[in-house]
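Labels for the chains are A, B, C, D, E and F, by order of writing; each one numbers its residues from 1.
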Amino acid sequence: MKLIVAIVRTEKLNDVLEALFKAEVRGLSISRVQGHGGETERVETYRGTTVKMELSEKVRLEIGVSDHFVEPTVRAILAGARTGEVGDGKIFVLPVEKVYRIRTGEEDTAAVTPVS
Amino acid sequence: MKLIVAIVRTEKLNDVLEALFKAEVRGLSISRVQGHGGETERVETYRGTTVKMELSEKVRLEIGVSDHFVEPTVRAILAGARTGEVGDGKIFVLPVEKVYRIRTGEEDTAAVTPVS
Amino acid sequence: MKLIVAIVRTEKLNDVLEALFKAEVRGLSISRVQGHGGETERVETYRGTTVKMELSEKVRLEIGVSDHFVEPTVRAILAGARTGEVGDGKIFVLPVEKVYRIRTGEEDTAAVTPVS
Amino acid sequence: MKNLRLPIFLGAMAMGLAFAEDPEFSAADTAWMLVATGLVLLMTPALAFFYGGLVRSKNALNTMMMSFSALGFVAVAWALLGYTLALSGDGNFIGDLRYLFLNNVGMENKGAIASITIPHMLWMIFQGTFAIITAALVSGAVVERMRFPAFLLFITLWGLFVYAPIAKWVWGGGFLADLGAWDFAGGTVVHINSGIAAVVAALVLGARKDFGRQAILPHNVPFVLLGAALLWFGWFGFNAGSAWAASATAGLALTNTILAPAATIVVWSLLDLMRTGRVTAVGLATAIVVGLVVITPAAAFVSPFFALVMGAIGAFPSYYVLLWRAKSGLDDSLDVFAAHGVGGITGAILTGVFAQKAVNGLFDGLIAGNPAQVLIQAFAVLIAVVYSGAMTFLLLKLVGAITPLKAAVKEEGVGMDITQHGEEAYTSGEGAILVKSEAAMPVARPKAVGGTD
Amino acid sequence: MKNLRLPIFLGAMAMGLAFAEDPEFSAADTAWMLVATGLVLLMTPALAFFYGGLVRSKNALNTMMMSFSALGFVAVAWALLGYTLALSGDGNFIGDLRYLFLNNVGMENKGAIASITIPHMLWMIFQGTFAIITAALVSGAVVERMRFPAFLLFITLWGLFVYAPIAKWVWGGGFLADLGAWDFAGGTVVHINSGIAAVVAALVLGARKDFGRQAILPHNVPFVLLGAALLWFGWFGFNAGSAWAASATAGLALTNTILAPAATIVVWSLLDLMRTGRVTAVGLATAIVVGLVVITPAAAFVSPFFALVMGAIGAFPSYYVLLWRAKSGLDDSLDVFAAHGVGGITGAILTGVFAQKAVNGLFDGLIAGNPAQVLIQAFAVLIAVVYSGAMTFLLLKLVGAITPLKAAVKEEGVGMDITQHGEEAYTSGEGAILVKSEAAMPVARPKAVGGTD
Amino acid sequence: MKNLRLPIFLGAMAMGLAFAEDPEFSAADTAWMLVATGLVLLMTPALAFFYGGLVRSKNALNTMMMSFSALGFVAVAWALLGYTLALSGDGNFIGDLRYLFLNNVGMENKGAIASITIPHMLWMIFQGTFAIITAALVSGAVVERMRFPAFLLFITLWGLFVYAPIAKWVWGGGFLADLGAWDFAGGTVVHINSGIAAVVAALVLGARKDFGRQAILPHNVPFVLLGAALLWFGWFGFNAGSAWAASATAGLALTNTILAPAATIVVWSLLDLMRTGRVTAVGLATAIVVGLVVITPAAAFVSPFFALVMGAIGAFPSYYVLLWRAKSGLDDSLDVFAAHGVGGITGAILTGVFAQKAVNGLFDGLIAGNPAQVLIQAFAVLIAVVYSGAMTFLLLKLVGAITPLKAAVKEEGVGMDITQHGEEAYTSGEGAILVKSEAAMPVARPKAVGGTD
């Protein structure tokens, strides 16, 4: 079992979701984050105050998958999220010791296999 | 040391918190996420535009615990978050290599044991 | 490769970012979370309803680093985030199996080394 | 708004002028009443923000829509039928049908019952804006759980069969007017009426599933303040417009409509400060509304000094009823009863206390040596309470027999915005897949071959 | 606003009064027109919220700024030049320069063309508020992609060379007025004009990069409702103010301005309910605007009952054009055409149907036995459509030759607020590093020695 | 608002009419002043949104409450005492107590000092709305750090002992009026006064802990725009209402109140564009306010063309002071000084430059050959600056001796909404545990047996 954490561009989220759904990845959670990376900075001005914005809006995906699903999931994200310009984001694959499906109490692989 | 990540229904958050507090789990962080799972989709309409909402509001809990606390914590979440209907969410247990309490610099188990 | 997850006070974020930038840590993502810890509770009143607020606003940082960067990163966060009062937050260091840079497909250490 | 049996005296005596029986068209009065009508219309969207800010964000649109839809459904019902039921004929209980479908409602300066100096149709629509806001007020008791189609049907009927008759009794020369009960701008007709209907509706609907179990907090307090501010602004049309003229009476009403809520703000803030050590914003917004409600029946009947006194006194009953309500089992969700019901009753009674013929040219209250007026006021309150309560109950039962009143518990959980309106108040568009043709809606997960979920 | 060739009759016949040739200053009319001017001015910020709520949050400020900047640029252009082009002289096509730079625009109660009872300058600025809102309306078609400097240049020119001439033809005693086409408060001059300009602008600019590919959802529906409510409120000044007096005509216009949108709300809600099972909030807000647009040309020409009918009928074309547009390739992003163009045409034609001399003292429509009026109305619509379309196209090409019209795709992706204005609508201040001196802006990552990124 | 020693001439000469000594009640003037009073009252909530949007979300309610509470505390103080101090008697420095507790403030059309054509009490409350907004304006300098109870005490006293005397000198027939200093609607009394008080308050309070260290960004720019729009709308009542009649003077004031800010918007936008390449929304909102402030003292004294000129010129000083202030150590957090202080001084001086007797019937300025007027204006400015500065200092010291002025650094960190009001502006209700009985508040962590934290 792995937990895949990916940071992608906000505007690519729809493409990523589509790619994931095509790859039969059905369970995931997303959240809005702000990221700092190689992106060029933005300068904003509010009345006399000038600020440099170090953070840009990104979306974070969190996907728990069984081991043989890691590969296709990562591939789907890479395909859906890439623009080739600085700021496309990162994918992290973390080990998971245990997964539970809250509804049934099922564990591990069973917990992330969709009910048909 | 483990990090327990749980995705639960927004409306069950209060029950989960209560269950956790009863189980003596005192340190945790939550955030709002949007999840995709087996839930039935929602169709929304804005003027002429019809959209299918693939994501529903969920809450994500992140709880760092010492090893012997994993079991009661998971049990508390399962108890507090279950409705039995599709969409109840998942729990992931991740290994943690090191924990620090920022205030004191304490490490590992000491870092997650509450001061009395 | 490690993933460092840190929960810090909202008002210390700017200090933490500065400390991290000084330590040459350039890639990170942050999100707003609400935390429960040893902080004193707040009581709020809305019309006749009195509530106890169990959660306070915090910021969560997520930083993927190569192994030899763990130490300076943790030190930077500890230095930037500490006030010494209850509620300063925690740092978790998680093992990571694989990292990808979406833009190039680069993996692992290469994926988190900035382009010069 | 004044007792139609005695419309001439009010202005005449207060201003020291004598009007002829059939007054001439007055451009000045028309100028003011054009504005006043616009102001009262604005109160309903204002209420939408006041109420909408107080609910959880998943129910924000639904709550606002309850007010906004009144601007359509109650207004049309008023024009076609409600107006003639409320403000025509010599009946003591209900109007006749002479103005059905706006028949005979023309541009001449002829009131439905009293003589007025503005176009008849302007007067008709000015009165219509009162019907709209009154119906919208009731919604505060049933937010976060009432099904929207049932609500639409309910307020349309309520505007016709609860609001219109009470308006007839008090303002249409009906039996309460004959009794000598005074209600300048709608303490009884608008506020007590809606406040009691709210209690009944809350009881018939039952509580929200989370009520008393979880903390239910306002999702946007600035919207509550915006609503309160625009309500106050609109209330100038409500109270000073009820003089139906740009008269000294209107000036008195407007002055009082500033001073009374100002005094309520001060007292409410001090009560808050003493009880919890902190003045609350939701409290201050509530105080504004309570002060406005309290002065409404008395707006042109008491002197500015007594308006201050009424505003100050009026803070107490509502403040404490509100505290009690939150602990009680009654899920009058946005405290329509505490603010409008209790505030309206306080105002109606205090009108009987502080009215002075020297000020209003019409009648004296307790402090001017006429204690009987308090009893007359109390009697009118009682009648309104009983009728509004009973009829609201019957109408809800009727509507409930046609279509379910209350959303399913699960729908309540998801939120009324999504389930009743298929919309969200605040969206980021994430995870929203565009449906290109309505016929073939793509489904994302037909077969589930292994994979993850 | 009425045909300036026949200004006296309207009030005179409707009210049964006879005015002298050179009317006296009227404080009552001035009182009303002071308010009406303020109300119409408020419509432009109201539009900013209506439009601003409908776009994505990354474009909220840019969208609002398009309206707010009209309050500066179009207003100044109007005062210096637009007014004299639109409303002076005996020309059939364009004014002369007698009021250039506000020369000869004084405090006496003398209209530009017609006799009026209010100060000349008040009339000038009242008319100016119409130019502002009309220009701002067009922006709804180009939001989320038009570069701001290009927009500023465009609307300034558009106010002068598209709005002013059409105003001259219809209201300034121009050739459309001579033909007997009637437009009380701006169905043709304001709504058809801006609706057509919107279509052309949408075509010239081209679609947003995400249009038809992704769901683009309103980021703040309460703001949409707030905008709709304040538009309605301001529209009382727009329609009833177009009587230029606190007359019975104004009372009629105001009454109709409440009843027509009320009827549109009801019909639109029922259409929504029948089509999707749910009444939508964005739909209701749209219905308010459509109802207001439809009644605008007819506001003081039809009876209140027919205002209800017009509001009800008017819901249909806009409702279905809106559905069609969303599926089409036309990125008229906020449906200016469906609401204002289609609504305006519907209103202009229906004015020719439901007008009654018995009501307006001026002319009859189809139902009163004058079918020709429908054709005259249609002809005026056609002229406005052709002129507005052609000139908008030319002006956009001209502006585009000076400065690029459209933001780069990447800028669109980041959002117009940041790229055009260097601001965000909602900020938390996180990750914002204060720049102390503008000269030496510290750069965070000069050298990249290993490390992480 | 005009110099009370010469009240009759203004209208009389401007309109070419001659009033009798004791003017009759005018329904038309009353109609307008009812509206104007409502409009000025609306400015204070408008300010709450303007200011509230500019602060961080953790201080949004506190900032708004500073304005909203003025609607209670300053209003009550005005009615009971302030009015009689400001606008009664023949004194040159302070009023007598003839109107104490609203004694002798009746419905007759009798001004406090001058003859007027509207009810006395309406005039009293119209003036009261000016006191409220002036006190609320000061709050912009102390937001995000001043303790709320101290603020309540401070503005109540400030309204009585700073605002009322200056109002007496300028409008109450006091010594500045005698000198021939002119301030139509409050450039000196309202804007310079509040702007200087703001500087002093910022100095006495000291800076916010994050000031100059972190970027402090506006949390909701749409609210800033909403506030600016409603301020503009309300300002029509402020400026045109200061004619106290629906006169041509009012028409002039209203026209200028549209044109001046329009010109300021244009100039400010171009300055922004030239300096940073981008027009900002916060800048545009600020420009609206600055333009309104600049024209306030001159509203009915200069021609519309010179109103445009004043609005255009007026942009410069405020624009550059604002830039300077942000880099300085002065934490006048929301730039009350740059907008109101500097704008007010610019306006007062320019009134002495562009006034024309041909327009206002009262006095000439520099361009009409009377350079002395500039000096007189400057002298009045000086007096207001000195008095307002000194008295504000004393009052703050007095209040500070009774209760601490400034919140603890930690409270500032948590935010003023939670610490001062026990509320949050935007809540989701998550993690909020309902406290059922106030007595026994359950505590979540009494014993800490191992476990986690």
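Going forward, a residue touches a chain if its C-beta (ideal position, glycine included) is under 8 Å from a C-beta of that chain, and two chains touch if they have at least 3 such contacts.
For each chain, UniProt lists the protein as follows: A, B, C = Nitrogen regulatory protein P-II; D, E, F = Ammonium transporter.
From a predicted model like this one, the values you see are computed outputs, not experimental measurements.
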Inset, instruction - Could you tell me which chains make contact with chain A and chain B both? - result: C, D, E, F
Legend entry - Joint neighbours of chain D and chain C, given as chain labels: A, B, E, F
Legend entry - Mean-CA-position distance for chain F and chain E (Å): 32
Inset, instruction - Please work out the Cα centroid separation of chain B and chain C, and write it as a whole number of Å. - result: 17
Inset, instruction - Would you kindly tell me how far, in whole Å, the mean C-alpha position of chain E lies from that of chain B? - result: 50
Inset, instruction - Report, in whole Å, the distance between the mean C-alpha point of chain B and the mean C-alpha point of chain D. - result: 43
Inset, instruction - Please list all residues of chain D that touch 2 or more other chains. - result: 26-28, 31-32, 35, 213-218, 220, 226, 246, 276, 278, 280, 282, 327, 422-424, 428, 430-434, 444-445, 453
Legend entry - Where chain C touches two or more other chains, by residue: 14, 17, 26-27, 30-32, 34, 36-38, 44-46, 49, 51, 54-55, 64, 94-95, 112, 114-115
Inset, instruction - Have a look at which chains touch which and call the overall pattern line, ring, star, complete or other. - result: complete
Inset, instruction - Would you tell me which residues of chain B are touching chain C in their complex? - result: 1, 3, 17, 26-31, 62, 64, 94-103, 105, 111-112, 114-115
Legend entry - Complex contacts: residues of chain A adjacent to chain F: 44-49, 51
Inset, instruction - Please name which positions on chain F make contact with chain E in the complex. - result: 14-15, 26-29, 31-32, 35, 39, 56-57, 212-222, 225-226, 228-230, 232-233, 236, 240, 245-252, 254-255, 258-259, 261-266, 269, 273, 276, 278-282, 284-285, 287-288, 303-305, 308, 327, 359
Legend entry - Interface residues, chain B side, partner chain A - complex: 2, 5-8, 31-38, 54-55, 58, 60, 74, 77-78, 81-95
Inset, instruction - Report the residues of chain D in contact with chain E in the complex, numbered from low to high. - result: 25-28, 30-35, 37-38, 41-42, 45-46, 48-49, 52, 60-61, 64-65, 68-69, 71-73, 75-76, 79-80, 101-102, 105, 107-109, 118-119, 121-122, 124-125, 128-129, 148-149, 152, 220, 223, 226, 246, 420-429, 432-434, 436-437
